[in-house]
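What follows is chain A paired twice: with chain B in the first complex and chain C in the second.
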Partner chain A sequence: MNTATSNGTLESLLRGQPALPASPLAWLNRLRAEAVDRAGALTVPSTRDEDWRFTDISPLTKMPFHPVSSPSPLDAGEIAGLALPEAGARLVFVDGVYAPHLSYNEAGIVVENLAAGSSRHGTAIEPHLGRHAGFGDNIFAALNTAFLRDGALIVVPCSVSVAAPVHLLFIATQPEAVSYPRCLVVAESGSTVTVVEDFVALQDAAYFTNAVSEIALADSASVRHVRVQRDSSAAFHIANCAVSLACASRYQAVSIALGARISRHNLNVLQASKGAECVIDGLALITGHQLADTHSLVDHAQPHGVSRQSHKCIVDGAAHAVFNGKIMVRPGAQRTDSSQSSRNLLLTGKARIDTKPQLEIFADDVKCAHGATVGQLDDEEVFYLRSRGLSDAAARNLLTYAFGAEIIDRIPVATLRQRLEQIVLAQTHR
Partner chain B sequence: MIDQDSKVLLEVRGLRATVNGIEILKGIDLAVSSGEIHAIMGPNGSGKSTFAKVLAGHPAYQVTDGTVFFEGRNLLELAPEARARLGVFLGFQYPIEIPGVANSQFLRLAYNTVQTERGKDELDPLEFDDFVREKMKLLEMNPDFLDRSVNEGFSGGEKKRNEILQMALLEPKIGILDETDSGLDIDALRIVASGVNRLASKDNAIVLITHYQRLLNYITPDYVHVMDAGRIIRTGGKELALELETRGYDWVSAEYKQTATRATA
Partner chain C sequence: MSTVLQDLVNQPYPHGFVTNIESDVAPKGLNEDTIRLISAKKNEPEWLLEFRLKAYRQWLGMEEPKWPNVRYPKIDFQAISYYSAPKPKKKLNSLDEVDPELLRTFEKLGVPMNERAALAGVAVDVIFDSVSVATTYKQRLAEVGIIFCSISEAVQQHPGLVQQYLGTVVPVGDNYYAALNSAVFTDGSFCFIPKGVKCPMDLSTYFRINTQESGQFERTLIIAEEGASVSYLEGCTAPKFDTNQLHAAVVELVALDNADIKYSTVQNWYAGDEQGVGGIYNFVTKRGLCKGVNSRISWTQVETGSAITWKYPSCILRGDNSVGEFYSVALTNHRQQADTGTKMIHLGKNTRSTIVSKGISAGHSNNSYRGLVKIAPTAAGARNYSQCDSMLIGDQCGANTFPYIQVNNPGAQVEHEASTSKIGEDQLFYFAQRGIGAEEAVSMIINGFCKDVFQQLPMEFAVEATKLLGLKLEGSVG
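And then the complex of A and B:
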């Protein structure tokens, strides 16, 4: 990729920015201005960058994406099939633009559009917005922040437990549109909440989703986070999610990547205080010429932290999955207990996986386990099922399904779990 | 029970098989009729488990010679699933764990596949649930096992009970149980054995593959076969098992060699 193309892309992407109305909050305007500056100074990464070695995003730079000026007027009936009946609140964004008529909040906590909520909840937001997902060297986070306007704001007050999940639904409807979904979750001390980020497409168009999520957990807070990326198979999806864990807080995440021509999910979890715990599970199920890349970083910065990570990829057709899972144990982060597994299933000879567990340990009293496997279905498992009367194809389908279902089963929202199980069942049925 | 009116279910002649080019089975002859219970015993490495897997159609083994007929059909040309649908059941020595598949889902899928083959109606999840719970009582199994993933986190005894449960559901004509007694404590052994006894009928046959006589205290075989180095070298009644228990296997093997030498000379 040459620099001219790259800068051309950026110029075109940044073109719409000055049209954004200024916020009444000076710090927010400053944040956006800084992000515009950074975006202008950075270049679009190429495969020469170590972090992007396996993920060639040059197709993205060749498309003329632009922010949507007039979003499609959807009515509730058109998205009925996407609703989660369990949800206590829902925010809907169509091509990145907040759709109040499709949104509701019966959760009893702050669940609202950032553009409106930022001034009302300025003091709660300021320490967090743009502070966790750094954009100093991340062009996509910089672009998202430069366009920061509509987005989801969730604030869970001290010691409040919200049982019903909060559903954030990001719907893409237009070709060549770029959207900048943004999400900020502030879980105050001792609070509990479940957040579902759901990225869907209503048509098979080429568009660009560039998302940033920030999740801040105060002492003893607990957040369950489900992320489902089922963009169109022609779409580009780049996401940065930054999570910050205070003392004895607990973060449980399940990320499912099914869609997009090229997707990249960066998940950074910082254990900023002692005794924090995170469980981060992921599944990529891709086919055709899809590429799904997950880069995760669990940063054990303080002692007595626990992290558990299970990442799985099922790669069919000529698709390509990438996993880079870094576990950092900083000096002084004693008694860290960390485990990571990367398990991958290649269904064809043309499918490809690049997996790289990466441990950097600077403390001496720690327990860190990691493992990676790449393979086909286990012959003994196939034979076991066939010996019970299942055909070879049925046995393989069931085992492939089961491989993915193990991750999907961890989603704490029954409707969503069942829906995804159906998708996986259909996709693993050849 | 040995019955004059019974019909031959399984007939194995001169069966030879290899795995990775190494010959494990070196000419096995065995005939099993309906209503019979056979025990195949023998030291480790004698080929007992290989024999069971070859009968079930494990793809890792190559049959190089001999024939296997099941109710007059050539079993060796059938895929494992076709054998299962005809009524051949293998109870695994090491049942496979399948995380992500609920046991109930797996059991129902297997049951319905075999039912369809037999021209009977499938059961929907609710009907199947009632049906399987009845069968589980036979094995004193906790219904919680339906909701768990197939064999995942089951103890050795639980896995073996789950195997016999599958046999109870699939109602095979021949059940080949590969070391079903291994890893069982005495209570589990009693439960599994009583389950097998209740499933045995005049219309089906059971082949028990076992290392020890212990299981045969609970399930009385009509025939006991001793396998050694890929052959059946002796066949007797249930008293042979007791003799093996006290005297070990060496004498059988020594007597066989003598006879073999005499035959050649």
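And then the complex of A and C:
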């Protein structure tokens, strides 16, 4: 990538920035100004950068994206099919703009849009907003922060347990639109919450979603996080999710990537204090010429941490899946117990997988294991099902479905789980 | 032990003087004239000079690789003399004159008596006549048509063969250090096994007796024709002292239809002292090409020395049904850094590869496994199994794993597993209970950890390698 193009891209992406109204919070204005400076100094990554070696985002830089000022007016009927009946609260963003008439909150905790909530809950969010998702060397996080005006804010008070999930629905309706979804979850000590981030499209348009989520767990807090990316197959989706775990807290995540022409999900989990636990699972199910890239980092910075990760990719057509899972065990993070598996299923001769489960260990009293497999369906398993009277196609569909269903089954919201199972079933039915 | 080692490394060559120094040592620095001088000194044909110059010109446009997980001060390539005549070694008259520490090392390793003398630099004819032994070996090899000589000799005697294969596996501009080596290499080994010949002996045996100055920029080329097979051992378990800090070698292997090459390395170069002062930089490019069907290339390495190791013995599996193997033990202690692993490039149908890597880090060292398994769209039915295990001894060291897996064919089966462990208090306690001291226990545990790799070594080296690891880890546990 030459500098001329990248600067051109940046200029076009930063064009809408000066129009943002100043926030009443001085620290927020400062944060945004910092991010604008940083975004100006960074260049758009190319495949010459190790972190983007397999993900060529040059198609993204060639599109003329612009932020949306007047979102399409949607009524509740149009999104009825996307609603989750279990949800205790819902925030809807249409092309990145908050839609209050589609949102509700019956959860009994703070679930509001950031623009409204930031002044009211300024002290609660200042230590967290923009502090976990660093943008020092990440241009997309910097751009998101530079455009930070609105987003979702969830604050769960001390020792409050919310059973009903909070549903964050990000709907894309316009072509060439760029949106910067932002989400901040603050789980105070001993609290419990389930958050569903759902990215959907109402039409098959080429748009760009650049999302940042920050999740901060205080001591003994527990957060379940479901992330479903079902953008249109022409869209671009880049997401940075940063999670910080305090003492004895527990974070469970399931990320499902089904859509987008090019998607990239960076999930960084920092075990900032001892005894933290995280379970992160992922599934990418792609076809056609899609590219789905997941980069995860579990940073065991303190002792007695536990992490479990299972990432699966089902790659059909001429699609390309990328997985880079890094487990870091810092000096002194003794008694860390970590395991990771990357399992990949290639369904056609044109599909491609690049996987790299990576370990960096600087402490000796640890248990770390990782494994990776790439292959096709096992002939013996197909034979077994055929001997029970299934056709070859039915046997293969069933096995492919079962491969993906293992991850989907871990979603704690029944309606969402069933809906995704239907999607996977339809997609694996050939 | 380290001060003795340091003294040994730092000691000048009191008996080494070179007559007519002007003509035998090239002035420091690297330019086209230096390369022309090297080529002229070695009386090389025109095509080889062109090969060197082409490499040099590419090297000028290249940058030193920054991606390895190693740290070292910048190397001044203009401060190195790229050609000098072999230095006469200090001759000793009997084993009594050899440093007792060195003898203790041999004792611990179990090096055979007659070889100890040769390795320590005692004039070998005092003990036995190495020339006649070497000649006997050479005759036996010549009878079956095997060519085994230095690469300079091969350039003179068999220029056609060298020209046909040199640079075909590692192209001149492959990487920074390979390009440098291609431009300035001075010597190395050449081995040619003709069609259908099974090499009657491990070439190691011969090699060990002729411990010669291999030089800083070593070049090795091994060719196994259809149906041929050979086992080659490079290096040796005994500590090797060298005044050159930078070593940039290139090894190329070519296996034609049904050929089989087994290449084993035991490397124990000076690793610097406990504070990381001194030590050799070992930046090596090793690659084998399974050119023909059913061919097989197997790399086995035991890396215990060098301050920095940067090497990835690789296999390009082009022939259908060809097999690539990589077995490695890399041990780092004190301030050593190792970034090593392999690349298995599957191009042909039903190609198979196995990777077994064992990394042991102790002290303040850093040990990385970096591997690539690439399955091309053409490699239907390809199969890979990788296992890389790390063991950490102490909490100041690091163990990293960077396995790249790139699959472009649905018929491929690729499996990768990695684990990390340590020598536990409970394990040592168990040994102590049975009357086995800590040091011996560590040696046994390490031996068990590395068993899969040692099994691949020629027998006598497997025995020595086991002892070598125990020796290298002396004092790091308990």
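The rule is simple: the second predicted complex is superposed on the first by the 430 of 430 C-alpha atoms of A that agree within 3 Å, B and C clash if a C-alpha of one lies under 4 Å from a C-alpha of the other, contacts with A are read in each partner's own complex, and residues count from 1 in each chain.
We take it that a residue touches a chain if its C-beta (ideal position, glycine included) is under 8 Å from a C-beta of that chain, and two chains touch if they have at least 3 such contacts.
Keep in mind the model is a prediction, meaning the values are calculated, not measured.
Asks: Output check: A:D409 vs chain B and chain C. Expected answer is one of first, second, both, neither. What do you get?
Replies: first
Asks: Which partner does A:G332 contact after superposing on A: first (chain B), second (chain C), both, neither?
Replies: After superposing on A, A:G332 lies in contact with chain C but is clear of chain B.
Asks: Is A:Y401 touching anything from chain B or chain C once the two structures are fitted on A? First, second, both or neither.
Replies: first
Asks: Have a look at where A:K367 lands relative to chain B and chain C in the superposition and call it first, second, both or neither.
Replies: The answer is second: A:K367 touches chain C but not chain B.
Asks: Tell me the contact category for A:G389 with respect to chain B and chain C: first, second, both or neither.
Replies: In the superposition, A:G389 touches chain B alone.
Asks: Of the partners chain B and chain C, which touch A:V279 in the superposed model: first, second, both, neither?
Replies: So A:V279 meets neither chain B nor chain C here.
Asks: For A:E381 in the superposed arrangement: first (chain B), second (chain C), both or neither?
Replies: In the superposed model, A:E381 contacts chain B only, not chain C.
Asks: Taking the contacts chain A makes with chain B in one complex and with chain C in the other, which residues are shared?
Replies: Touching chain B and chain C on chain A: no residues.
Asks: What part of chain A is in contact with chain C in the complex they form?
Replies: 50, 54, 331-332, 334, 344, 346-376
Asks: Which of the residues in chain B end up touching chain A in this complex?
Replies: My answer: residues 56-60, 79-81, 83-85, 89-90, 92, 95-96, 98-101, 106, 109-110, 113-114, 117, 149, 166, 170.
Asks: Across the complex, what residues on chain C touch chain A?
Replies: 67, 375, 377, 390, 392-422
Asks: Quick one: which bits of chain A touch chain B in the complex? Just the residue numbers, please.
Replies: Contacts found on chain A: 378-381, 383-392, 394-395, 398-399, 401-406, 409.
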